[in-house]
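In what follows, subunit A forms one complex with subunit B and a second complex with subunit C.
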Partner chain A sequence: MSWSALDASLEPPDPALSRGRRRLVLVGVLFVALFAGLGLRLLHLAPEERTAEAAPEPAPVEPLRRRPDLLDRRGELLATDVPVPSLAVDPLQVGDPRRTAERLARIVGGIDPSVLERRLVKAKAAGRRFEWVAHRVSPAAERAVLEAGLPGIVLRTSEHRVYPKGHAAAHLLGFVDIDNRGLAGVEHALDHGRLSALRDAREIALSLDLRVQEALRDELGRAFREFRAIGACGLVLDVRTGELLGLVSLPDFDSNLGGGARPEQRKNRCTGGSYELGSLFKVLSHAAALDSGRVRVGQRFEIPPALRIGRHTIRDVHPARRPFTAAEIFSHSSNIGTAQMVFAAGGAEPLRAMLGRLGLFERAPLEILEIARPQVQKSWPDVVTATVSFGHGIAVSPLRFAEAVASLVGDGTLVRATLLKRPHDAAIEPGPRVASRRTVEDLRWMMWLTVADGTAKKAAVPGYLVGGKTGTADKPGRGGYRRGAVLASFVGVFPLDAPRYLVLAIVDEPKATAASGGTRYGGQVAAPVVGSVIARIGPLLGVPPSDPAVEARYKERWSAMRPTAAVATGGPRLAALDPRR
Partner chain B sequence: MSLRPAILTGIAALFAAMGVFELKRLVHERERELARLERAIAEEKARIRTLRADLAWLGRPERLVTQARQLGLEPARIDRFVRTDDLPDAVALAFAGRSLTVELAAGEAIELRFKPILAPALPLRPSGGTRP
Partner chain C sequence: MTNVFPRTDRSLLATWWWTVDRVLLTGVLVLVFAGIVIVLAASPPVGALRHKDPHYFIVRHLVFTGPALCLLFVCSLLAPLGVLRAAKGLAAVGIALMVLAVLAGPEINGAHRWVRIGEVQLQPSEFVKPALCVLTAWLAATRPWPQAALASLALAGLVIGLLLLQPDLGMAAIVLATLGLQLFVAGLPWLLVLGLGGLAFAGALAAYELFPHVAARVDQFMAPPAEFTQIEKALRAVASGGLFGRGPGEGIVKFTLPDAHTDFVYAATAEEFGILACLLIAGLFAFLLVRGLWRAHQAVDRFCQIATVGLVCQLALQALVNMAVNLNLVPTKGMTLPFVSYGGSSMLALGIGMGWALALTRARARLERPA
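Now for the complex of A and B:
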């Protein structure tokens, strides 16, 4: 029987029949209501719950705040984050702590099963739901743990900082702790210092050039080992832009294992230490004297065997036996001559003004935080002026000194070092002028003379006009200067006809060897390092050979000023500078 | 009241409910697919990052230095720089387009070709090499 048949019946009402119909309708309505209810319930229930379930499903693989990648100036990867699994357990879900501990110890390694077991039991008793087992396990160990099918295992992926180039630029890059927080160098500065604005960048291009860095580390490391030094610092600075292309402090460490490095390895000697740089400082005091206008390059000075100032006596390592021109005072590195020059130029006042203009009394504003404060005397009586003129009684960081020399030899405007790569199209904004063009030109020439016919002949590089200044500074100790402990150094600039790069090398406490001719002078220890570095990085950086015309002009100037027959000619060496050979 | 429309409405409502149910299921499936793809993308990205780190590790200086030595490479030297002004133009033209086979220490042979330097001031010699 169908509904329509029921509906269509038009027979006279039979009370029994109509009762039956009413009941049927009632049952029908009940069924419809039931199905409708079920349908609605279905609609309401099932898909709703399942979509709600699906929402957290895309497991956040990159939930952590990544650190920016660090690149060198050519895009080489220096530091990056890599996702690495870490292993933990939920102690409440662990049924058999002993078995779990033993199996995990077998898979992961480096875990004492009995210690882990005790920890698990303790955590379980305390009702804790999370206990670390091992940070940073290998992918193979991760798979083995999953395959073991132990209950209560938690695997968490976390970011792990890696430094693919190991030792390269460890002092600049720095390192991070287990939670990826920066503890030194650029990493530290990203979290707490001047680079924190870049913390959320995807990558940061540093001014470093990995090739330069490696050449510098290689050559400096050779001197460091050969002279059994206790430390060394080397840096390469772009004289025009202030970009640091390389910075090496020895002994160094592997950034991947930064936390395990010893303090002497961690110390950044180029920026984090202040040193009395000795004769290197004559670059600055000569610049001050020449820039005062009261001293000329060709002016002659009597050089007495000893200079008495009050109770103090100043001597030269190699006493001069004739009057020196200012240029010769520089190239022969005479302490007495330099002091006399500075006094002839007006004493403390012009020297202090020059050092102040160069920023030697302040900390270098580099991006990293490991920057030493300079140590300067409060008052400048004559004896302080004299000692400062040849680099004692004032301690500055090598970086700060390099900036000062770059400012003076570049184009006479202030240069500020930076660790960030300068955009290609950025115009170079010259800083305030610190020395006149004439002083710059004189200084370049005197630095050339030092390499061509002075204390730094070992820094000469065929093809390039190299200029520089050597330093051999006594190291201060308790109650005066220590006997036999020196800082051998050399600052070089090339190519002198259009200065582009500054290379500084400092070797801390070298021991005299046969290779250095039994001496520890900067000219024997540090100048060869700078020479080799320049020979290696010059072609890499695309620096063309120097213009022979400039060298000819320099030679001419020297022969015009040179005291007749008093100095042996540098004939063969000067000839070797011809780039065509 | 007529029963038929009520019944038809009920049936239509049931079909509509089924339709909506099916639609929701499809959407849900798509969402799962999307989540799966997103996870796969994230995993691939993580892999790429790991591979980049691997690549950089393979290019670490110590390794390159050793390999360069094995390949017989030597550092660039400044005396290998030649100013183009110093080259006699005739030399440049004589070698223009010529090729030279160089055998690398690794055993591979590569072909180097001299680049012609245009020097319009000079008369071109008919025998002065072929230009590519």
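Now for the complex of A and C:
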């Protein structure tokens, strides 16, 4: 102990110091009370203010409903959702609307600061707590906005639909609006159509095969540009399962920018348009005639240069100079011959029955909503029966027609197209029978003949037995058919010995070029497209080359039926048709 | 730890080590550390907004913390007489600078509180504040009653007058309250204590009448307007944090709180570190106060006793007012949270003030009566 301390302890206690000590205790009590009050306030703030905090904030609550990913049949990603920030403000928290508007406009871009400022001032006056500034800002802009430290900023994450393949399957996939709601194609069907049950799936495998789709789009696009067509459509259909492996409509658009596409780009010509398909339809009318049992493939018909029905006259583009067998009528695409065959089979009744069995008078029940209604005459006098037999006076969607052909050449049972991938293990349930096995076999052979020795030689593909039918349909215009505007088409099936896939190509209003030999025929314009597509997708899809024995059999059948020059005779120049003959 | 120096060592450092109140010292150091962590969390948005650099305030806070700790240490080495002399010098220079600030200082936010010396801006009133505590204690301890009271009132009146001219009403109130507490401990008769209290109340009313911004703030406190005020944001920050906080750097409301690094640092703390952390901070101040008062109770010298009361009460009062404002218990008054809020002058002055408090609470400290 130091001396000074000893001194202090020996000194009599200073009364002032003692009083100071007593009063110190009072000061201490006062302060402890103040601190205790503060502590109580702190504890009191926590739960009470939390509930008040939870209550207001009347912001639009949009459910973050993620859309399912869309995949092609092999798992390739076609559409997915990406979370992207969107920028809004709480106008009440904005102290300086001008400054806020200017800063945000500088960071985000594409915003008029004076317009935004007016909106903020108005919203603030109205006491609103939420005002959109910009949908879908970049991560860099989000960061810059946060770093600007402006009061009242609200950043919302929303899902942004992305289509990695852009144009590839635009019409099938469709597109979405700014709020991720489907507006077309599968996207639309997910929200409002037959696919809504799948809306909350994580992913949906479509029937589409991206490789097939690309090949189809590529080849069809080439013809579309080369013949300066106004449109084109094509599809690839699995004949056995009805799965659509590819569906192209040109001109098309980028699904990512769907809202900005022009109407002619958005139109899905495969499903959403109905067309008078012309000679393509002979596949159906010949099937009807053969299936009636009253007409045989080898049966010969006189082909007059013109056929008069009432006050209508029907002509052929290439008049026959001799009687044709039914097979030749098909492979040379004679309108007069087809009409005669149909009348020989019983007229309107068997044709209407066949078309009815194939569902051509109804809309195709595909999953998407862009499906055109067929246009069919109400009453079928002879002239309608005749024109329908070669594809005029009836307009159907290409998809519906493809389903019908697939039903006839597959195994004679009804095929329904689908956009969804079938599970591997799902058994194929055959639909109702639409044609006899014999009709199916005859039809395949006639389609082979068309490619082998008819109008569609350009659709031949080495290694595969390909069958098909060409079409060159006059397009209807005001008060009749338009001169020179045609729909050039080809429907092909391969391999013909055991049909797996149907390929349809339609080119709308092609202009004649050197490549088509100066013509606009389906055999010149559309058949080569289908041939190229088959050559590309056959190996991709693992289709084995056709059995040469089948081709030999087909050839043998042809040579047995082939007319010798001696048989050819000149028919009457003009014949009046009596259907009851 | 405690045997760094042998008991027999009579050197300056060793004497300091054995006589300084290490509990009080530890408390101050913990508070300084907490302040660094909190400024680190709360200041980046404000820094980025005002100076394009999120680290602006953090770097400066750290730069001022070093010298402040040095000042704390050096001041705590002083003997009570040294403290008195330093306080006299600091008060003289500080009051002169305050006059200069009022006459020629730059106007910042409508007040003349600052003097600029080269690149450095100083707020002289921050330094006068602790010096005044020491001088008041000296007058009260060494002069007979009426003379002591009148002299200290005159001195404080001069400072308060200058503060009102700036104007800095908050600091004037703190200075006045500290003076009252010191005189109370020094033995002011109860009658005068009550009279002084009445005078303070009258002063508050006068402030409400005389200063429009004071009136506005009080009115705002009594009847909160519908629009978002700073204080409502502070409350939202506290509520948003809950008991345990959103986590360091996770605060949201701090982005919209313009003074999250100074006057509303407590609310920002609540949002990020939670209400429990705020209780700890408040507890730390309470602890420093109680410990300081306890040491004053043990004091053997009236000068040391009264000066210590002044220094620790000033610290505690300022902290209380700041926290109360943050929690909407009193009308908004711009005041920093000692050692936690960002602020250079405040930090250095606090280093000096607490250094002196440590010096005056050393064992057996007494002011030798001048011969």
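Criterion: the second predicted complex is superposed on the first by the 501 of 581 C-alpha atoms of A that agree within 3 Å, B and C clash if a C-alpha of one lies under 4 Å from a C-alpha of the other, contacts with A are read in each partner's own complex, and residues count from 1 in each chain.
Note that in this section contacts are C-beta pairs under 8 Å (C-beta built on N, C-alpha and C of every residue); 3 or more make two chains touch, one makes a residue touch a chain.
These figures come from a predicted structure and were not determined experimentally.
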Examine A:Gly356 and indicate which partner it touches, taking first as subunit B and second as subunit C; both and neither are also allowed. neither
Mind working out whether A:Gly259 is in touch with subunit B, subunit C, both or neither, as first, second, both or neither? neither
For A:Pro381 in the superposed arrangement: first (subunit B), second (subunit C), both or neither? neither
In the superposed arrangement, which partner chain does A:Gly298 touch: subunit B (first), subunit C (second), both, or neither? neither
Taking the superposition on A as described, I'd like to know which of subunit B and subunit C A:Val461 touches: first, second, both or neither. first
Comparing subunit C with subunit B, which touches more residues belonging to subunit A? B
Counting only touches as set out at the top, which of subunit B and subunit C does A:Val25 meet: first, second, both, neither? both
Looking at A:Val162, would you say it contacts subunit B, subunit C, both, or neither? Reply first, second, both or neither. first
Does the superposition put A:Leu42 against subunit B (first), subunit C (second), both, or neither? both
Is A:Pro365 touching the first partner subunit B, the second partner subunit C, both, or neither of them? neither
Intersection of subunit A residues contacting subunit B with those contacting subunit C? 25, 28, 32, 35, 39, 42-43, 46, 48, 50
Residue numbers on subunit B that touch subunit A, as the complex places them: 3-4, 6-7, 10, 13-14, 17-18, 20-21, 24-25, 27-28, 31-32, 34-35, 38-39, 42-43, 45-46, 49-50, 52-57, 59-62, 65, 75-81, 83, 86
Report the residues of subunit C in contact with subunit A in the complex, numbered from low to high. 45-46, 48-49, 54, 181, 184-187, 227-228, 235-236, 238-240, 242-243, 255-256, 270, 275, 278-279, 282-283, 285-286, 289-290, 293-294, 296-297, 299-302, 305-306, 309, 313, 316, 320, 323-324, 327, 329, 363-364, 366
Please output the residues of subunit A touching subunit B within their complex, sorted ascending. 3, 7, 25, 28, 32, 35-36, 39-40, 42-43, 46-48, 50-51, 54, 57-59, 61-62, 76-78, 80-83, 162, 164-166, 168, 210, 213-214, 217-218, 461-464, 535-536, 538-540, 544-545, 579-581
Which residues of subunit A touch subunit C once you look at their complex with the stated criterion? 2, 4-5, 8, 14, 16-17, 19-21, 23-28, 31-32, 34-35, 37-39, 41-43, 45-46, 48-50, 52-53, 92-93, 146-149, 151-153
